Each structure stands twice: as C-alpha cells, then as structure tokens.
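As written, the chain order gives the labels A, B, C and D, with residue 1 at the start of each chain.
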C-alpha cells in the first residue's frame, strides 16, 4: 500500500547513500507546455523526486516566490485537468516520482475521490496538502493509501512531541519536515546544525520512515543539510523561473542548470 | 444741545416740504482722496445729509455692497484720523451735515472721548453706531449730546412698542427707521405702503422728531417712500462705486449722477 | 435538518473538530500553526471563564470602548416609511467608530496574557486595523496591519489612524488587493512568526478559535441590546427583527448572539450585492458552494476549480468572498435569513438615513442593513420592531460617498 | 480685584446688562436683533428650569450624545512623563466627535420650543456645523452653516457630514476666510432672517445669551467629570488641575464650570500659539486689549484702530481672534490660568499621545491642551492629578497631520 515507487526510490537512494533532491515547481508556470518541459529537464538533471504545485489563489503557506509562480500559472488559466495532463505526459517518458502539492479547496472542489483517481491514473506517487493537517487529514490520507498514493504529512518546529508521535504513526513512507517558522522561501532562521538536531529528534521517533527537509533551502544552505534523507528546493527554482522570464532567458535550461548545481552540492 | 445744524437742516426741509436725501458712502472708498471728492459731489448734487462710514472689518450689520466698500477702504489703509481729515477738508467748503456711521469697537479703541472731541472739532453733526443699541448706548449718547452731536438711535420692525417708547424718549432729533429685517442693501421685503404704515406708527409716538428710513432703498423704491422725513441710500451708491471701478469709469461723476436721479424721484 | 442546541452559546455549537453542523468551520491550517492555535484555544477556553480576565475585559469595554452604545428609536425614518418601528443600535459610537473594537480589545488582552509583544491583524475597511492598532498602542504591543492596496487608498482615514497609533501598515498588492488578500498575507506572516507574535483575525472567519474569540467579543452588542430592549419595552418584544450587514459576519454574529434561542425574533443578515450589473460579495444570498477559505469551510465565491473569486462592493468591509461558518450554520439551520443590498441601494439608504436621522451616520457597511430595513419596513405592521445595527461610522467613506452622491467638498 | 460670587453659576455672574466683571460680554447688536435676543433670553431663562425641557435635554444627551463620556487614566503617558498622573475626559466620544454636540442639541431643542423651522450656525473646525446639522436633521429643522472657505478646504470631512445631514454650507470668502468671518456672516444672516430662523453660535461667544446657552450646555462635561472623580477617588482630589484648549472657550467653560468655587483646583486654558515665528490666536496669553467682537466685549486680537486682526493656527477650531467673556472674567479674577501651545507643540503632543494611548486620538484643538500637560507633568508630584479634556477626534485633521508628520496615506 501507499506508493510503491516512492518506497523503492528511497530504498535505492539509501543503498547509494544519496540524499534525495526534491524539487518544487508550479504546474502551468510560466505556461502549461513550458512547465512540462521544466519537469522533464528537472528529471534529466538528476532530481530524485518532483513536487508539482497545483496553484491556489489564496495560499496561506507560501512565500513570495512561489506566490509569483502560482500567480503566473493561474493567470495563464491552468486547470486541475491541465495538471493531470502534464503529469500524464511527463510520465510517458519519465519514471521520477511525482508528488502533487496543493491546498485543500482545490481537492475539495475537484472532488476528493476524483482527485485521487486522477492521481492514480496518472501515476502520481504522493500528495502534500498544505492546509490539511493531522488529524483533519485522516480521512483523505486513508483514501490516498487505499489508492497506493502516499499522503505526505508535514511536521514543523512547533509540532508538539505528542502530536509528532501521532502524526508519524499515521504517516506513510515520507514525512516533510518544515525547517523553521516560515512560509516557503524564507531565509533560514536557524543554523543547519540546529535544524539537523531537531530533524534527528523527529526522525528518531520512527527511523524506518523517510524525512525530507523543506523551507529555506538554497544553493548556500543545501550542502550543510545533506545528511537528511531528502531536501526540498522550491522557491529557489520558482525564483529562477521568474528571473529567466524577466531577463528573456530560457527557464527550462536555467532550472536544469540550477538542479545540477544543487545536486552537486549534496553529493 | 445736540446738533444745531441738523435741527436747522430738518426745519428748513420741512418748510420747503422737501424729503431729506441722505447718502452713505465709506471713508477711504476707493481711496482717501476720491472718497472726499465723492462727498463733495454728493453735496453739490443735492443730498441733504451725508453719512460717512468708518469701516470696520467685522461688520455684523452690513450687506455685501457696503462690505465691499469697507473692504476697499481698509485695504487702502484708511485710519480713523483719515476719516476726520476727510471731514475736516469737506467742511472747509461745504456745510452739509455729516453723520459718521461705524461700529462700536472703532469708537472704543479710539477712545470715546477722543472720538467725540474729534467729531466736534471737525463739525460732525451726528453719529450712528450699528452695534450700540439702546440702552447700551445711553452713556455714549449722553456724551454726544454734551458735545452738541446727535446720537442717532435706530429702530427696527422688531423693536417692541415698549422699547420704541423708551428709545424715542431718549433719542435726539433724528431717528433711523430700519425698513425691514435685513442687513444693509437687501431687497425691500415689504411693500412701501406697509413700510410707511409702520413708519407712521413709530413717528406718531413723538411727531416732533425726525425719522429717516433706510435699508433697501433704491432708484426703484425711493419715490414710493417720499412721504418720510428722510430717506437713506447707501448700498446703491456703494454699488455705483464698485461698478465704476470695475468698468474704469469715474466714481465721482457716477455717484453724482445717481444723486441727481434719486433727488429727482423724491421731489 | 440541522438543529441548534438550545442553551448553548452559538460559538460552542461546533463538534470536537471545530465544525458547525458537521461541515462549516474547522481549522485547515499549515502544520506550523497547529500548536499556536492549540495554545490559543486552551488559553481562551480558560480565560473566557476567568474572573480576573472578565473584569479586565469589562473595564476596558466600559471605559475605553464606552459601552453600552446607545439604542435609539429612529422616529423620522419610521414616520417616513410608515410601517414598522425602526430602532437603531448605535454601535458606531464605540471608540474608534465600529464594532471591530471589541474583537481588537479582547485580542490585545489575550496577547498580553500570552506574553506576546507583537500583534498582527488584517483589515479591509480599515476598522479592524485601526482598532487593533489603537488597542495595541494602549497595551504596549507592537502592531502590524495587513491591508490590500485598493483598501488603503479608499479608506485613507483609517490608515491615518493606524499610522498615528504607531502601527505599521503592510500593503498587500496581490489578487484583488482587498480584504481576502490581506487575510491571506496576515496568516502567512503568522506562520512565519507565530513564536513571538499574536494574530488577530478581524472578523468571525479563519480557523475556528478566531471565530470563537471574535464572536465572543462582539456578543457584547447583543447583551447590551437585550437589556436595552427590556428596559424600553419591559421585555423583549415579540415582533422583533434584527438587521445586520454581513461581511465576515462578526458584527451580525455579535448582534444576533443573545437572541438565537428565541425563535420569535427574525434575524436578517444583509450581504453586499455589489454594483448593479457587476460582481457581488454575497455568498449566502447567492447559494455559493462550500469551500475552504482562510482555514475554514464555508460558503464562498469560487469558480468550479476552487479558485476564490474576486468580489466587488462599495463597502470595503463587506468586500470578502467568504462568510463566517457561524452564518453558514444559522442559514443551514433556517435560523437566520440572508439577503443582499446593492451598492446603489446602500448609497440611497445612507442618504435617507443621514437626512432624516442626524445622529446616525452609517458607513457604507451598515447602510446595506438600512437598505433592507427601508425595503421591508413599509410592508410591516406598526407593532413590529426593526432594530438595525449601525456598526460603522461614515467618515471613513466620505470621499466615496461624496463622489457618488455628487457632494462637492 | 474682581471676585467670583460663590454658589452662583458661572453663566450667572454677569450684571443686569450682561457684563461679567462689569466689562466683559454685553450684547452689542444691531437694533433688529434686540427683540429676538430678548425673546430667546426669556425663553431660555424659563426653560433652563423647566422640568419637561430638562428631561428632553437629558434624554437626548444620554441617548443621542451618549453621555457620560469616558474618564480614563492615561497610564502609558503618565509613566512616560514620570510626574503627575494624567487622566483624560474623552469628550470626543460624544456623538459626532466633539463637545460641540451639546450646544447644538440644546439650540435645536430651543428652536423647536420657539417654533422656528430654520436654524443657522457658524463653524470653524466644522464640528459646530456638523453637530448643528446633525441635530437639525434629527429635529426636522432646515439648517444653514456658515463656514470660511479656508476652513472648508482644511476640514472637508466635517463638511461631508454637514452635506449628508442635508445642511447647506454657505462659504464665506471674506477676511481671513476662517471662523471669525463665518460668525460675522452668520450674525448678518440672522439680522435679516430673525423672524423665521433660530441662530446658534458655535461657542461661548457672541451676545451674552448665546454665551449662556452654550456654557449651560457644555457644563454637562464637568458635571460628569465631578461624579466620575468622586466615583474613582472617593472625593474630588485636592491636587487637581484641569486642562482645556480655548478657542471661543465653550469646551473649557464646560469643563471648568462645576469646579469654579473649589479654589484648590487649578484651571488651565490653552490657547493657540500658532506657528513658531508666525501669527497666533491667543488673546488671553498675549494680553490683548479689550474690544467688541461679535456683540461682546472681550480680549481680542486687534490693531490700534480697532480692526480685528487675522489669526493663524493649525487647529481650525482655535483660529479665532477673540475669546469668551467668561474666560476674560476667569482670567481677570485670577481663577484660571491661560497659556498657549504652538502648532509644532500641538503636533508633537498629538504624536506622543496617539502612540502611547491608542484609545485617545485627539484632534489638533485638544492636542494643544495635551502639549501643556506634557510640559508640566514631569515637574509635578506623583499625587497630582491632571485631567485633560480631549474634546475632539482627530479624523477631521487627518490630512493636515499626515502631511506635517510625514505619514504617507
């Protein structure tokens, strides 16, 4: 149950003692086609897991960079079915695990069952829902599990010990560890050492699961955190797309170059 | 006691069965010299009594036309001593009775004694003080009387019977009957017949005194009121001065022409 | 059929997960906020029964907010309309000029109790922000207010107040540049700063605890009204209708609160109908679908995809795509009736009420409620009592109204 | 030496001709007004003891004006200044935002009793006009407000209110285009319309009867204060100082009224010092000569000829060359002390008070009184009680203040 591919992916990485590089870009940013090309180039450049954002226009957990990307995507008319088209297309040639990240209202309006069915159909490995925390997510997580999709729990520095135990108990293979109090893309507020200390405390609750660290990870901070099971980079990539568009450059190649750089830093 | 000249003037008019034409212009309007010339031309054109305004900058009884004249005079720097200069100059060649019309603060700041002394020195016949009603004016009226100057009481359509009796009893030879509820220069609100009826009621209280009607008297209304002892025209003349200035004409001749016209209408 | 549990406060009608009628409300928040929200919930549930806290609250309500606000009969308007008796609860007389001061004061007191030195809040009409800045200044809290740039320019007076109280206004230039974006940005800020900072949401929206705190604060209005009704009429009148505009719904929730159990009393919520032939901001009136906005499930203007739709209203305080789960609940239970007034109707109501009833000078939000009163009063019997909550004061809207009504200033 | 007669209200300290201390006040009016003034005097002297009239007044004071206004301690300001205890009477909480509402309400009630259908008044800051329009709308009187064109442009919000209440604003473009000219024009209008129209002068200036009505109306403030002092302190404190800005002087007269006989209490009037290196509007502070302005003898800014001088103040409500005969009397009797604050000091006071005491948001007029409190408090003992009358609300001044303090709106 839950995602077989994601489990296998992590097992392989463990064997190779490799840290998973997990990327986040927004479906439809800057447009449907280019965002697919970006996903492909990300996959080719060595990312291990790909998060793809389904943009919502009242995001309460995102920082400026991701908001900009989401704004572009929505302005360009991205729809839920476009997201699945993109994933479906991607999956024709690539096997990299795909995780959808979105807000609950997007799932609700599409219909939770429909959403999960589409995920299964397009071979999505997992779902992150920013504003569907535990225990509110129990029913939906169950639904994901029943469809071999990982529902990825988030834990934060504010999460209490008691909650941590319960969340991890209910979690699937992958857990998202929020590095600090921040929306996505803020500057790291704590030293990597501190973050890793807290991270390890969390991981020790159930070392059999995989824990990825996200929020605030940049070219500068990524290598210091490489002992984690995986590291998520999102704002850095969204910013790269924004910069590329502004300077008339190709976001596809720029993002690819960035992936290579990041991947190198954690090898 | 009180003004001998004023008394004689009225006596003579009575003999001739003539209605007194009383003018009002502002000292220093449009400037010191011209206002003196205006007085002279008024006298030459047949006015019987000349009121001259000592402008105050917060007049509470004046309409727009007189306010404009006062404003010009003050802007041109007219001072109390200028007023007396003008009168003194005028009196060198003319014997027409001069009555000063002003507000109490002007008298107060000059000093009531000084003011009356200057009036006597310059052969002023009377004083009208807009905001010094009976009984507040008792002391000052007494001072005037002691200096052979008429203090001219005003009575209005709102003045009660009881007050009328007292005011007329305390009055000197001339009483100013305000034709209607208005600041100076308004349109006549009642018919001349009504005004004259009220006027006669007042006059009958003591027919030995002289009663002049003022407020709202224009070229159009003057002849209907000619049965009064005297009629005051002010706003009409001030307006003539304003118009003359605006059209680049000579206010002295224009005012003189107006006087002739008005005088004709009450003959 | 949804039933309202008798004898239980409106804010306690939710289930253990914070849902009213099993489907409205909840706490759909990023994990980071779970702990601060839990802390706040525990603190509030304790403090709301704490004698010393209640004493403090009552002290500031009385001495700073100036409660009770007047309850007055609008003789001229009643006569003019020739039907029901129209009364007004002049909540705009509360310090600062609107009901938003209750919630702001309570949040500031809570922040102090929680040991927080910083407080943040959202604002649309600017009142929530003004009041929060005002209370923050008094209680020595550093204050940041999130406000859409469209609202900043149309509600400049309230911005002036915020600045003078030393608050920082953070302009929000995303989306519709109005309240919805301000709330999002405010929540985002809190996500990043919840360790040091208390957040006050400006209406009965957001995660359940914020709805509860807000409605608990504004409930003061109906407590006053009830005792004023009894003191004027001997008892709560039988034929009574309460009218209140509904943006987020904090004013209406506070106005209805004490009367929920008394089914004789009609509760009427008036939403923003927007410009005729334009957009609106009336999710209840227009049977919008349930969605999740700002952490709570509610009726909300959205497209079929789940994107929140842009709204339009002349009243900045009503210009919000969602509505309190409390009102969704009252609607679903058939306890309150919801309708809307257009921009034009609100303006006409403003005009009429101002001309006839000098002492009432409603801002554009309560003008919507007056519009409904004007519509229904003529058809009602003379022994019917309509009470309108005039919950905001017009000066903040002077430029908008003057322009629309052609007053040259 | 002038003595204040004990046990006699301040407004009854005049002689049979309406003069205080034999030289201030009186009724220097055109003959036309003698009768209407006499009628008004008779009516007022009867009504002020008439139970039904007093009941009506009290009803509207309570229900429309919202009395009593709060009396609050300014803890933060007190701490910041480190001397006397600073308290505030928050008169700006009265409906409409200033003490002017008392006089306006009483005049409107009088007009009704006198059977007048029209009412006119002057205004400077716009509050007197706003309040009169407001009361007039309520009591079905047609209302005209005279206002200097300079004031119209700097106090636009209050003009908006007047228009919305259906009043006509008559712009006065003569002289300094401020209050002094508005009052003159208003009196002139009354001269021409006194048969149908009631006039309300906006402060304790003008012919004596207007001074009396106005101070009788605002006396409500010190009645409230006295009972609030007693309720907070058990009795009226020994070391008490009352601070109030003085334009015409209606706010200060009302604030001092109940305390005149208690000579322990220091009464401090603060006039407008104007811009540093500029003109001022402070006849008492600057020992101006006695003159007659608007029907009454008083200290007044004038040149040696008797022309009234132009004044300058950032506070439109204080921008007046004369001052109430009541204050001339209190000064002459040594009972009250008068001083001034400059524009700059008032602005600084506004800034400090707003930052430290959110709930108080003084307009520029009471900011002058706060400026004096800020000056003297640090030098006073901790058991001294300063009470400042915050008699106006800042929103009308938002543009001026924002510009001067560099707030971008």
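Basically, contacts are C-beta pairs under 8 Å (C-beta built on N, C-alpha and C of every residue); 3 or more make two chains touch, one makes a residue touch a chain.
Only a predicted model underlies this, so the values are computations on that prediction, with no experimental measurement involved.
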Partition of the remaining chains by touching, absent chain D: A, C | B
Touching both chain B and chain D (chains): none
Chain of greatest Cα-centre distance to chain B: A
Centre distance in Å when chain A and chain D are each reduced to the mean of their C-alpha atoms: 66
Euclidean distance of C-alpha centroids - chain C vs chain D, Å: 35
For chain D, residues contacting two or more additional chains: none
Where chain B touches two or more other chains, by residue: none
Chains that touch, pairwise: A-C, B-D, C-D
Touching residues on chain C, where the partner in the complex is chain A: 17, 26-36, 38, 174-175, 180-181, 184, 187-188, 191-195, 289-295, 302, 304-308
Contact set on chain C toward chain D in their complex: 62-64, 66, 69-72, 76, 90, 93, 95-96, 133-140, 156-157, 159-161, 163-166, 350-351, 354-359, 361, 394-396, 398, 401-402, 405, 407, 409
Chain C-touching residues of chain A, taken from the complex the two chains share: 56-63, 67, 71, 74, 79-80, 103-110, 130-136, 153-160, 163, 178, 181-183, 186
